[in-house]
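Order as written gives the chain letters A, B, C, D, E, F, G and H; numbering starts at 1 within each chain.
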Amino acid sequence: MTSIREALEELRQGKRDVDSVMGIISKGYDDIGCAKIDTSRERRAGCPEVILCEGKAMDQIKGIVGVMMAHGSNILATRASREAYEAIREVCPMARYNELARTVSIERKRIERPSTYIAIVTAGTSDLPVAEEALETAQILGNDVRLIPDVGVAGIHRLMDSIDEIRSARVVIVIAGMEGALASVVGGLVDRPVIAVPTSVGYGASFGGLSALLSMLNTCANGVGVVNIDNGFGAGFLASLINRL
Amino acid sequence: MTSIREALEELRQGKRDVDSVMGIISKGYDDIGCAKIDTSRERRAGCPEVILCEGKAMDQIKGIVGVMMAHGSNILATRASREAYEAIREVCPMARYNELARTVSIERKRIERPSTYIAIVTAGTSDLPVAEEALETAQILGNDVRLIPDVGVAGIHRLMDSIDEIRSARVVIVIAGMEGALASVVGGLVDRPVIAVPTSVGYGASFGGLSALLSMLNTCANGVGVVNIDNGFGAGFLASLINRL
Amino acid sequence: MTSIREALEELRQGKRDVDSVMGIISKGYDDIGCAKIDTSRERRAGCPEVILCEGKAMDQIKGIVGVMMAHGSNILATRASREAYEAIREVCPMARYNELARTVSIERKRIERPSTYIAIVTAGTSDLPVAEEALETAQILGNDVRLIPDVGVAGIHRLMDSIDEIRSARVVIVIAGMEGALASVVGGLVDRPVIAVPTSVGYGASFGGLSALLSMLNTCANGVGVVNIDNGFGAGFLASLINRL
Amino acid sequence: MTSIREALEELRQGKRDVDSVMGIISKGYDDIGCAKIDTSRERRAGCPEVILCEGKAMDQIKGIVGVMMAHGSNILATRASREAYEAIREVCPMARYNELARTVSIERKRIERPSTYIAIVTAGTSDLPVAEEALETAQILGNDVRLIPDVGVAGIHRLMDSIDEIRSARVVIVIAGMEGALASVVGGLVDRPVIAVPTSVGYGASFGGLSALLSMLNTCANGVGVVNIDNGFGAGFLASLINRL
Amino acid sequence: MTSIREALEELRQGKRDVDSVMGIISKGYDDIGCAKIDTSRERRAGCPEVILCEGKAMDQIKGIVGVMMAHGSNILATRASREAYEAIREVCPMARYNELARTVSIERKRIERPSTYIAIVTAGTSDLPVAEEALETAQILGNDVRLIPDVGVAGIHRLMDSIDEIRSARVVIVIAGMEGALASVVGGLVDRPVIAVPTSVGYGASFGGLSALLSMLNTCANGVGVVNIDNGFGAGFLASLINRL
Amino acid sequence: MTSIREALEELRQGKRDVDSVMGIISKGYDDIGCAKIDTSRERRAGCPEVILCEGKAMDQIKGIVGVMMAHGSNILATRASREAYEAIREVCPMARYNELARTVSIERKRIERPSTYIAIVTAGTSDLPVAEEALETAQILGNDVRLIPDVGVAGIHRLMDSIDEIRSARVVIVIAGMEGALASVVGGLVDRPVIAVPTSVGYGASFGGLSALLSMLNTCANGVGVVNIDNGFGAGFLASLINRL
Amino acid sequence: MTSIREALEELRQGKRDVDSVMGIISKGYDDIGCAKIDTSRERRAGCPEVILCEGKAMDQIKGIVGVMMAHGSNILATRASREAYEAIREVCPMARYNELARTVSIERKRIERPSTYIAIVTAGTSDLPVAEEALETAQILGNDVRLIPDVGVAGIHRLMDSIDEIRSARVVIVIAGMEGALASVVGGLVDRPVIAVPTSVGYGASFGGLSALLSMLNTCANGVGVVNIDNGFGAGFLASLINRL
Amino acid sequence: MTSIREALEELRQGKRDVDSVMGIISKGYDDIGCAKIDTSRERRAGCPEVILCEGKAMDQIKGIVGVMMAHGSNILATRASREAYEAIREVCPMARYNELARTVSIERKRIERPSTYIAIVTAGTSDLPVAEEALETAQILGNDVRLIPDVGVAGIHRLMDSIDEIRSARVVIVIAGMEGALASVVGGLVDRPVIAVPTSVGYGASFGGLSALLSMLNTCANGVGVVNIDNGFGAGFLASLINRL
């Protein structure tokens, strides 16, 4: 229940010995009361902990960012309202906000990028927020990205025109709402792993993205993995893992 | 509660007068106890009543076919087991069975066919039973049909190869299970009314055709109407109404 | 990634040759960054692209309308808030707003209308917004429409009183919420294609239109195709395709 | 844990005194181990306990019937397979089986019937099993019933032809599968309580009767109460309560 | 398309003859453009049309009330916001508002009441708005009502204390949210028809009333009919039909 | 229909005799019109009635608190807005508000606490409001609680670090949203009863907590009971029953 | 990948040394290829692993039982067909089969039982198989059990007659299908932890137990935890943990 | 509509010229009537078409295998009954059947394998059929596989014991039914792409795999993509794409 910062302060004041501080540091997380920040995730799972702002108080967000700043990591916060961004900026003025994506990025060390790239393909213009979240995620994790928006199946010649650029990617993210057919069509045309992201774009019987989700899970194409509805972050993360293999 | 046949018999025997029989005939249906066969549907809704065999006893089916024979109509029975077919053949030896479609057809007068045709397109080989039901329905109602099977989006070049034949149809039926993406792709490529039939082909999260159904309802393409899961009959009927306009 | 307008400008300035511009034009879409406007849809699918405003930023909408204006098409924007309408009016002062339907229409060339008409029938007064969307769609695509509101099955004599006008239409749109029974009743009374539109009118176990949607898909009447919940546009479009065959 | 029969036997043998037996009898149920037969239900809720055979072993059914026989009640068993009927007949040879309804009836005292009647209306022939269950239930509880089958909305003139007979009933049961529209149409035409029974007749998106159930719950007509899918017994019971008020 | 008022005005001005007006009146509804007010419902279905305010514009509501006033009926408007009430009061200052029930009542002629009464029972205090809607409905239709609130099964002795008053009613309405168990318990204790109303009171897995709805449909008690979630009006109406038989 | 306070007042004024007041008191509840406050619940079910504020008017809440104050019980109000808290404070200034938990507690007599404790474990920081509700509930019912937040399975070493503290509890509450996996992992590691609380934390296909709920119901671990989504109160109550056995 | 038996055999033959065998034993599971039998579960989670027979081949079941026999544990196999029982009997002739419960029990050492008991209460006779599974589980884990069947709320006096026996239990299991109301009624009457088990008994809108499950999760009573549909084993296990605290 | 074999035969007989045959071959599929076998998929999407046997007749399967044999591909047939295997063996005696996986493999040319491997991890023994399907798929596509069964979270030490082998894989497939928690736990422990496969193992509220599916989609771990319920093939295919990058 002692945070690393408190432990170090106590060490400096002679109230705690080195072994005890070592024990706290080696736990692999930093306990700040409301949260236990996972400081070993980067080593263990390939990337520092990412902050999902939704459902967290401004103070909690600031506290978590502050600690992560102290640990020196790059930081990504998702589902961040403008208010959350302002709060983070108080702790770290260099934070960058992507309003469409609702992400805050703090890139303190640039990660080396492989020569291959990730293609992000969207069915419509309304899918762009999810695409931007995937893009921000993939970039901060050290990847080049190419964004190919608005190539949905209602006008399939638009897709065909970009198909070479898609085929040359190492991994492809397909983002679509409504009936989500684009994932199957792309999946049938490329020999690369496809990550499908259903979006909540649509109305009526789209049931908040359920229609696109079921479509993608039932795809007749091969080589398609699906993430949660509107989960641009999850797609960007998985794509990064694959692109950086 | 008197059937037309009983009324006529009573007339012949002098037990009933002509006006009373006229009254029974002019009701627009023939009451045989378990069923009230709709004898005015052809005039009113463009086609005689069709017999849905599922959930009916063999005796009921035979009784209904017998009465419809007496009225001189063409007859179509759907969801007919082989046992139902055998029962119908006792009443009408000329009945023809399509095992794949599970339909029994009795074509007593050939309806004149318009010069245009209906295209029936399927995503996979497993969708053929539904396609055959649509085909049998459209044919007995007086339409030429062209069947283009197995052109699902996992290999979209197969569809492109047949697209001219599809575009030349007056109305197109698209039949697909799993994610049902074919309806959207075809809908984006033709300027004809498209009738989409989701099928229960698939497993897991296809939930008995729900996935394809939602896909088709949420299609980003224009000009698509949807019928019930596996409802080849309904699609064939609606296509016939449009083709014969 | 070059829009047609940019390409033409470069041609005028001598920075691009004619062949290159021809290549860009012949792609069949106009790439304006956030969207790829489908300029070949009218030829391919019978109607120019329609703008679904929901989920799009005001700037995106204005951009898309501007380009479509340049291409000379009639324009229809659906699910348009008053704010979206104001944005469009900046680009095109002649734009007309139907507040109930939430559509913006820009009719630059009047399409010749066939002599037949489309009947739009609603179960209740609360279904009128969906009916108006269908009506605006059908009209801008070149169809005469007759609107018959509030003839739901709780007082079926109201329907019977208008049945001749409905039967004389070439195609019928039936719009109903709650239990959606009107589609079946109309379907049983006419020999024309019926397009059924479930609406989200209702409460409790209507589950946002699910009840009416299932009703219409399971109709015991023949010749009924269903579109998405509240999808007046889709119904108007499909009806137009049929009416103009 | 002593059944009434055991208690009486012990009384006869002098092993138990009268007060103790009175105590057991006055509990209002007869405890036979696997079941506690509710002997006071007739007084309390207007009808003796009814045996739902589904999920019970043959021995349990026989045991329960045997005890109820001893109590002198009329007996109704529902969802009874032929095997269950044979088991009951061993205990009571006068038991009568309605194969369609899957009910076993033992009518030991005829209940006086009111002069009014219950109308049972079905949409199709396939709804007859549920109608027969309702009919058997209403009859054994002391009601006259009129059955009007196969008047579904696809041919609404059949309903209109019987509407006077329906309107003259004291209470109306409407039984329909698929989209269940008949309940709304009847509800709009009569000023009597309507009990709606959705059936599992249908396929695809009828989801085992869910479609009809939602329809009936969302009816735009007034005066309609709904019971469980395929619950002919429940409808017959409720109708009897109302008819016998 | 001519309203009765317009027809009478034209008759007065000599622009229309008596037969023509008779024809308009005898249609059984009054066509005011956005609505066809069902003037024969009282005769046909036992009660004048009721106005569901939800989804209607203020002008439409005022128009409909105005016409119904002219026809002399008692008027009930449900799901009425305060704004709707103010609108109605402009047309009819004697209108009375029940804020909890969200009903507006205009009682112009008092209907004779039978000597029996309707019991309305609620599980909790939060179910009172639905109970009040049922109560207002039953009263304007001419019934005495007794309201017994907050007797849910978590403290079943409260119910037992009122059970005699409930048993003496001619028909019982049970209103409950959460798990809806009260309907089954009451159903097992009375020999009267029970109308069960699930409410949306609850959270989490109550799914907006679905839990209580399913409970009531699956009740192990006999003699229970169910209406839509939160449908106090429907329950009051059906109870009135039964109480006034 | 007489509240206990009214009865006592009438006794004091000589308008009511002692026996009559005894009868009112011995009913086991206090009838204040809109509510019947269950005064025997503490004796019968181990705890006084708890006030669910959601869906109740401020006046009703104040009335209920006032009566319960008179009965001398500890009081817990859940799902209390700040407005509800202010209302309660008018009646009882010593009321304490936990903003995160949205509970109001009035602890008038301290209940003796057993030496064992309840462990409350959360998967993430966003689950804290539910955890606080459980904590407040358990404490007012007389239990020591240890809260271990943010030990979700994405960083399972955090859980392992606290596992001894969890194992030493007498009963464990596990609170998790999203996929709810923590309940299974904890369930597999301890030999104590585990109460699992799914939360609505998540988005997309979490469907408001359904995902976590199903996870917990289907857990492969043994010894896990589940309560409603976000039902911290229910978990705290059940844990108290077990801890105080 | 070496099973403990193989390791011991190799030790006996001098092919393996003691330390290596110690390592294999201390892993806390026995790896037999298709399964890793959890030999430390008894110490860790209070009970040896239980065999869920469903989905396992006969050979796998025999293999697992054989190894567990060697480890000396009591053994419980659930969801066991008669065929599975016969297979187990080949390995262990003393195995006992409860056909109703579908359990196989092998009790090799009798566990000392606490003086308190578990009450198992069922709503109907059809719930007995689930009750028997709970009973067998609780007994082999060392508990006394009292079974109180068929006290569902349709005849609540049956429950009241047994309420003292239920209240005297240390923990109560309530098993009910259909609407599952019994859990709420019992929960309101006792001050003991209640474990609610929804069953799939019912039809139509019970949706395989979903209705009872939702009821129990939404119970208005306090102190109720829920396990999966038909999960008698889970309830018996949790009850044992609580009873043996 | 001419198959390649027919075309070649006609060429041999001089009935067709070389150019015409070239046209048929270059279509990229072989049209055999009921199916259009996608002969270009290997080049286009990295693997020849795979035969889903479910829903296909024996003759269709044989026909498709025959043609694919002629094209020289490796062949994989999934969801193959033993009957389907026998049918295939008539065409190709070297076909190999994996009864657990229900796959038929015909490996005509061995594909070179990369040095990395795919780890397949299952929660329980009952998940093995899905694991075997994934394994067969991955192997025929040219991958080394390590299978680690029965390491579900109820005994997490079993997983920890194999974690190094899992971490060393290039890509990990996690297969789990019930609550599917294993995917999250593994996802939190490795820095490799994880493909999660929900299975239909479970009962009650697992709803045929829905519970595990939702769990996996809502995982709090990063880097997880999900495929359809029981879709071992899809997971094996996607894993192969990633492993062979």
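Before moving on, here are some points about what is shown:
As a working rule, a residue touches a chain if its C-beta (ideal position, glycine included) is under 8 Å from a C-beta of that chain, and two chains touch if they have at least 3 such contacts.
Values in this document were obtained by computation on a predicted structure and should not be read as measured data.
Interface subunit E/subunit G: over half of the residue numbers present appear on both copies, so the contact uses mostly the same residues. Centres computed as Cα averages put subunit E at a distance of 58 Å from subunit H. Distance from the subunit A centre to the subunit F centre is 36 Å, each centre being the mean of its Cα atoms. Rounded to whole angstrom units, the spacing between the C-alpha centres of subunit B and subunit G is 52. Annotation for subunit D: residues touching 2 or more other chains are 44-45, 154-155, 187-189, 204-206, 210, 213, 217-218, 221-222, 228-229.
Interchain contacts (touch definition given at top) occur between A-B, A-C, A-F, A-H, B-C, B-D, B-H, C-D, C-E, D-E, D-G, E-F, E-G, F-G, F-H, G-H. Residues 123-124, 152-156, 178-181, 183-185, 187-189, 202, 204-207, 210-212, 214-222 of subunit A are the ones that touch subunit B when the two sit in their complex. Residue ranges on subunit G touching subunit D, taken from their complex, read 125-126, 128, 149-151, 154-155, 157-158, 161, 201, 203-206. Within the complex, the subunit E residues that touch subunit D are 44-47, 50, 170, 187-193, 195, 213, 217-218, 221-229, 234, 237-238, 241-242, 245.
Those residues of subunit F that touch subunit E in the complex are listed here as 27-29, 33-36, 38, 40-41, 44-45, 49, 52, 54-56, 60, 64, 79, 198, 200, 208-210, 213, 228-231.
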